[in-house]
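Everything on this sheet refers to the single structure shown next.
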Amino acid sequence: MEQTAFRMEARGVSKIFGNHTALDAVEFGLLPGEVHALLGENGAGKSTLIKILTGAYQPDGGKILVDGEEVVLNSPLHAQSFGIGAVYQEVNLLPNRSVAENLFLGHQPTRFGLVDRRRMDREARVLLQRYGLGIDPSSELGTHSVAVQQIVAIARAVQLSGKVLILDEPTASLDRDEVQRLFEVVAGLKRDGLAIVFITHFLDQVFALADRVTILRNGKLIDTRRLDELTRTELVRKMLGKDIAFSGSTSLKTERPVTDVLIDYEGYGKKRSVHPFSLTIHKGEVIGVAGLLGSGRTEMARIMFGIDPADQGTATLNGRPVAIKTAVDAIKHGFGFCPEDRKADGIFGELSVRENIVIALQGKLGWFRALNRDEQLDLAGQFGEAMDIRAASLDMPVKLLSGGNQQKVILARWLATDPAFLILDEPTRGIDVGAHAEIVRTINRLRDDGMALVVISSELDEVVAYSSRIVVMRDREMVAELRGEDISPGVIVQAIATHGEKAA
Amino acid sequence: ADMTIGFSQIGSESGWRAAETSVTKQQAEKRGITLKFADAQQKQENQIKAIRGFIAQGVDAILVAPVVATGWDDVLTEAKEAKIPVILLDRGVDASQDLYLTSVASDQVKEGKVAGDWLVGAVKDKDCKVVELQGTVGSTPAINRKKGFEEAIAGHNNISIVRSQTGDFTRSKGKEVMEGFLKAENGGKGICAVYAHNDDMAVGAIQAIKDAGLKPGTDILVVSIDGVPDIFAAMVAGEANATVELTPNMAGPALDALAAYKKDGTVPPKFIITESKLYTPADNPQGEYDARKGLGY
Amino acid sequence: MNRSLRPLMATVIIFAIAYAAAVMQFPGLLSTRVLGNFLTDNAFLGITAVGMTFVILSGGIDLSVGAVIGFTGVLVAVLISSLGLHPLVAFAIALVVAALFGAAMGFAIHYLQVPAFIVTLAGMFLARGGASVITQDSVPINHAFYSYLSSLYFRLPGGGRLSFVGLLMVAVFIVGAIVAHRTRFGSYVYALGGNTTSASLMGVPVARTTIQIYMLSSVLAGLAGIVFSLYTSAGYPLAAVGVELDAIGAVVIGGTLLTGGYGFVFGTFVGVMLLGLVQTYIIFDGTLSSWWTKIVIGFLLFLFIVLQRLVFAASSRGDRAPQKA
Amino acid sequence: MNRLAFGRLVNTQTVALVGVLLLNWLLFPGFFKIEWQDGRLFGSLIDVLNRGAPVAILAIGMTAVIATKGVDLSVGAVMAMAGAVAATLVVAGYPTALAIVAALAVGLLCGLWNGILVALLDIQPIIATLVLMVAGRGIAQLITEGSIVTFSDPALIFIGTGSLFGFPMPVVIAFTLLVLVTLAVRKTAIGLFIEAVGVNRSAATLAGIRSRLLLIVVYALSGLCAAIAGLIVTADIHGADANNAGLWLELDAILAAVIGGTSLLGGRFSIAMSVVGALIIQAMNTGILVSGFPPEFNLVVKAGMITLILVIQSPFSSQFMNWLGRRNRGAAR
């Protein structure tokens, strides 16, 4: 029996999907009481590694050790019995069950062999309070926003993990406060001696939280280091294998001359959904939308795009009033929309990357002007390249791509329709630093080409980087419009907070 | 007297069944009886429900065309306790005889036997390979009609059943199965006769024989059971050779027996067996066709 | 109100209205006799539908139940009548056979990843075919214990009967409801119906649960087969043809979503009663021809689902009302 | 390119079909014998095609429906209705063309009805189409009053028993329909849209696909196919048998689509493979017919065959084959 200090260890772990080697003899060790960041580009193999560590996948080579003993984890349930809990990248919970049941599934408190609902709800309430979530534990999970679900998933994993806690991009849909709270919880767990794996694309968070980092590239282990031995630039170079310029944080917000108005929403709103708002959007302008969780940003976007059609107010496009009652109407007028919930509303998992890219353009062309295979390949190749989509083949099912690459596919889909107005709901969620910079660059480029964009993001730094103007949402109401000098994270936070106090 | 009678019919799986339903309604109407009709969609459980429903409504008598022979004791006992006489139509049941007033039915084994006897007489000493189109697997008429026919040809070594498959009592399956038989028996050259458990399948088989370039009725003899109008039409055309009639008028004798019983307590015989009459082209098929056309087949 | 309770409420309301309307027309429908018959006559359907509820909640479907009813009936009849076994022994054997059959289907569904629709369709052919291979005839069961069980009932005031099989069905519903809503197994069933991938990542033993679900469905269908054989004192290979559609209908009318994950066992009970009500109403009416019977059943089915949607839509209005601070 | 096209023909479905046909040949040596007689082809193989045609036609529509994550249980009843309408009209003396058009219109209408329930009222397909499955047969019986409406109109009969280029009409019709529908879905964007709606309806709507309209069109196609199949079986027996026409054929059609590789969860579909699936089912039925098994074994044999085919097709067995292959290669090294 080999003795190591590692709580959990992966030795020479490999995973092969078809002809694609997702992990190639990766070594990974976790010490008790550390936060270990697992970094890498989209598709580097991070999620695959943690699925192996939690028994969701079986490795094709190598072995797993827990407390120095070799184990074969044949299912997540089995892994849980070793005290290994995980939050997977895509929220993997049950939207049809109550919040409490999602927290305790498989471990419900029982009395006389029957589930004790009351106790379960009580315990759930206490548990959620640690994360500042005051929701009713008996309410259906699916009625809550992605962010709330994300927190529930984290609470569940923390609850289950006695030894190891794995968090795959837990902060992707959380706002600052939430992230802060999560960090406090993680710090506490760390003090209790848990080994914590943390995957994220936010380098700030890595530096704020992690003790050590492991970097993967193309399924290969690049390095494992203590974080204090590394600089930010070194880290990025290791991840990408090259240097990048931080275009995001360095881009200049030049005050742009106001050009033609593209679309003008006047008193636009929907009863029981979003209070009427007025917003004028010019060509070549990026409107950033900021706000707390559940402040109604997504709902506003859906109204703009006609998915939930407005029942009051008017929209004027290029000086002419337009009725946008369905997504089809919106697309006809040159709109595009990248939804926030990629899995549920964006991706056609079984269909190929190529089909996923051309589908919106094809939808616009209609049933009878079909793009033939060559045209499709052309388009998909062109926009796939523009977005730097890493796919073994354009004909592989898109569900096999890593999360970040799926996001790029959806962006490519809309760019292919050559839109005049693009609405992006959390476009950078789950996207690696390289791609993140890429998307920010793309947004800037599209703006310079004269496109109008509305970008919803919880990343204030990011919103600040590309927005010409920022609107702040609160309680489903547009409460502030910031421009020029006011566009800075501090002012935004203040805008949200001040109005909050006023409203309260 | 104003009488209300419940009638639990099996369903409407064939033209004959539809005719039985419409004849029963006619017979009731003729006698001024209110008929409560319940279609069981081929399910015994629905028939039991229907009978229970009739009992709950307090009808004066119940007619049942039972879908299977077994399983009637309990519900018939309930009817008896409620003093409602029950008459079985068309098929008998495996229950104590004091649970029902009478049973009006044909003798299905005899039907098969009559058909078989006709064939024995028709082929005399010649060798004859018969193909059989069975009814629905497991159904009582299919079992009995097969049995009767086999009894009739037993001891006649020149006649043998070479193939037997189910045609589900339907015209289209009858045609499909016959096609298969024709292929399997050397294009039909080896087949001397087809015996179908009902006329619908026989009509299908006749079409298959014609499609194969043979003459039904001449190259291959056709004998079947029921006596529906279309088989008489086929006889007129010389394409069918014999059918054994199963009268759709089971209700007539049943209602007569009931009327006598209600009037002065005359107890009818336990089994009223309808005639299994053989019809051949010699029996004025055109006339029979015309007589039956309006009966709702 | 809890969102998932709404379709159930809709069904209950519709049932109440329909029953009231029917009673207005035929006061006889209110008698204890009819009420007792409701339980007795629908016992085998109800028991089957409980199993079907679990299957559908998990996002699957079981087309084999009608055939399993037929098969168990025949098996029990042959064991008792031909082999002379005691009915209780025959019941035990039949239920074990049904359990194995269900387990095999669950195994194929999970491990071979063949859709449940097709596996259970093949299962239906197999069970039906197996029954007719055993016997083509209907086999009567004559055994003192059988007559005792089948004539076991409490008399209700007004001539109604509360039979053993009727009570058995009620018991199965109660146990079924407890298992579905109050045990871990039940929560796993809902989990599978919600999202199989999530469920497995959350540590639900997917393979075991799938196999157990189809076992449960087959065992309950087997039990229904026994009830059916008690009901008719016979085993018949063609018994209960098409009951799978009735059971699915009852489950769905009862407010369970066919896509899985939402629904209640009690809803299924109301669904079964609603189907029973339709049939009884048609019998009481007694003027519908064979074809009008079908048309009316189809129409009522249509009416129920549309009403259910309307009630559902009405009650979900104002769902996401803004909570202004 | 040629190799590619050939490669696409070699798949589990065609292998299964060939397997079943060979089995039939073992049971009945004359199985592959085809003769020319009275200006048309004759033989068991032709019977398989001819008898398989109605289910194949149903499967064409059913495949599209299933690809949208739906199912159409009403096709059997629609067949009965279409047949009943056509037969009653010709018996009443109306021109054949009118009768045929009326029957097709009935099918289309039924499909629209189903489509509206599914797409506009958002009713689950299995239940939405169950309504018509139950009521439709009743309507068909209402039209024929429960009897078999026999007719002798040669033009109508030709649809069922005539022949063109030596092939039975049903085969010609099924083949034409296969080609037309395949072209219609593959040469336009409809095929892609059907798959998109089946995989993720919400995403499809967001991507600007008119998913409701598409669903209605797909169910209408299924209804139309059912009407055509109904005309064929009615013409075949020179009569409309409302009680039995198309009874339980919906299950065969679904089975054909699934054997053809279309997932009941929606998404990828191949109409041609579904037609092959229908032929596999028919080859099994015909095999049972010519083999001379006692009929009580029919269902057991069918269940066994289906299980076998599905096991061969399942991802599990392809994984198993991969594993075998890898092991062998490993051993060779």
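Letters A, B, C and D name the chains as they come in the text, with residue numbers starting at 1 for each one.
Keep this in mind: a residue touches a chain if its C-beta (ideal position, glycine included) is under 8 Å from a C-beta of that chain, and two chains touch if they have at least 3 such contacts.
Because the structure is a prediction, the values reported are computed rather than measured.
In this structure, the chain pairs A-D and B-D differ in their number of contacting C-beta pairs, and the larger number is found at B-D. Note on chain placement: the centre of chain A and the centre of chain C lie 43 Å apart, centres being C-alpha means.
With centres defined as mean CA coordinates, chain D is found 33 Å away from chain B. Centroid to centroid, with C-alpha atoms defining each point, chain A and chain B lie 71 Å apart. Multi-chain contact residues of chain C, defined as those touching 2 or more other chains: 132, 136, 289-291, 293-294. Shown for chain D are the residues that touch two or more other chains, namely 141, 145-146, 296, 298.
Taken as a contact graph, the chains fit none of the simple arrangements: neither line, ring, star nor complete graph.
Residues 121-124, 126-128, 130-142, 145-146, 251, 254-255, 258, 263-265, 296-304, 306-307, 310-311, 313-317 of chain D are the ones that touch chain C when the two sit in their complex.
Contacts from chain A toward chain D in the complex involve residues 305, 307, 327-328, 330-331, 337, 339, 344-351, 355, 359-360, 362-371, 413. The residues of chain D lying in touch with chain A in their complex are 187-190, 192-193, 195-196, 199-200, 202-210, 267-268. The touching residues of chain D, when paired with chain B in their complex, are 28, 30, 37-38, 42-44, 47, 51, 141, 145-148, 150, 161, 233, 236-239, 241, 243-245, 286, 289-290, 292, 294-296, 298. Residues of chain C that touch chain A in their complex: 2-4, 178, 182-184, 186-188, 190-191, 193-195, 197-205, 261-262, 318, 320-325.
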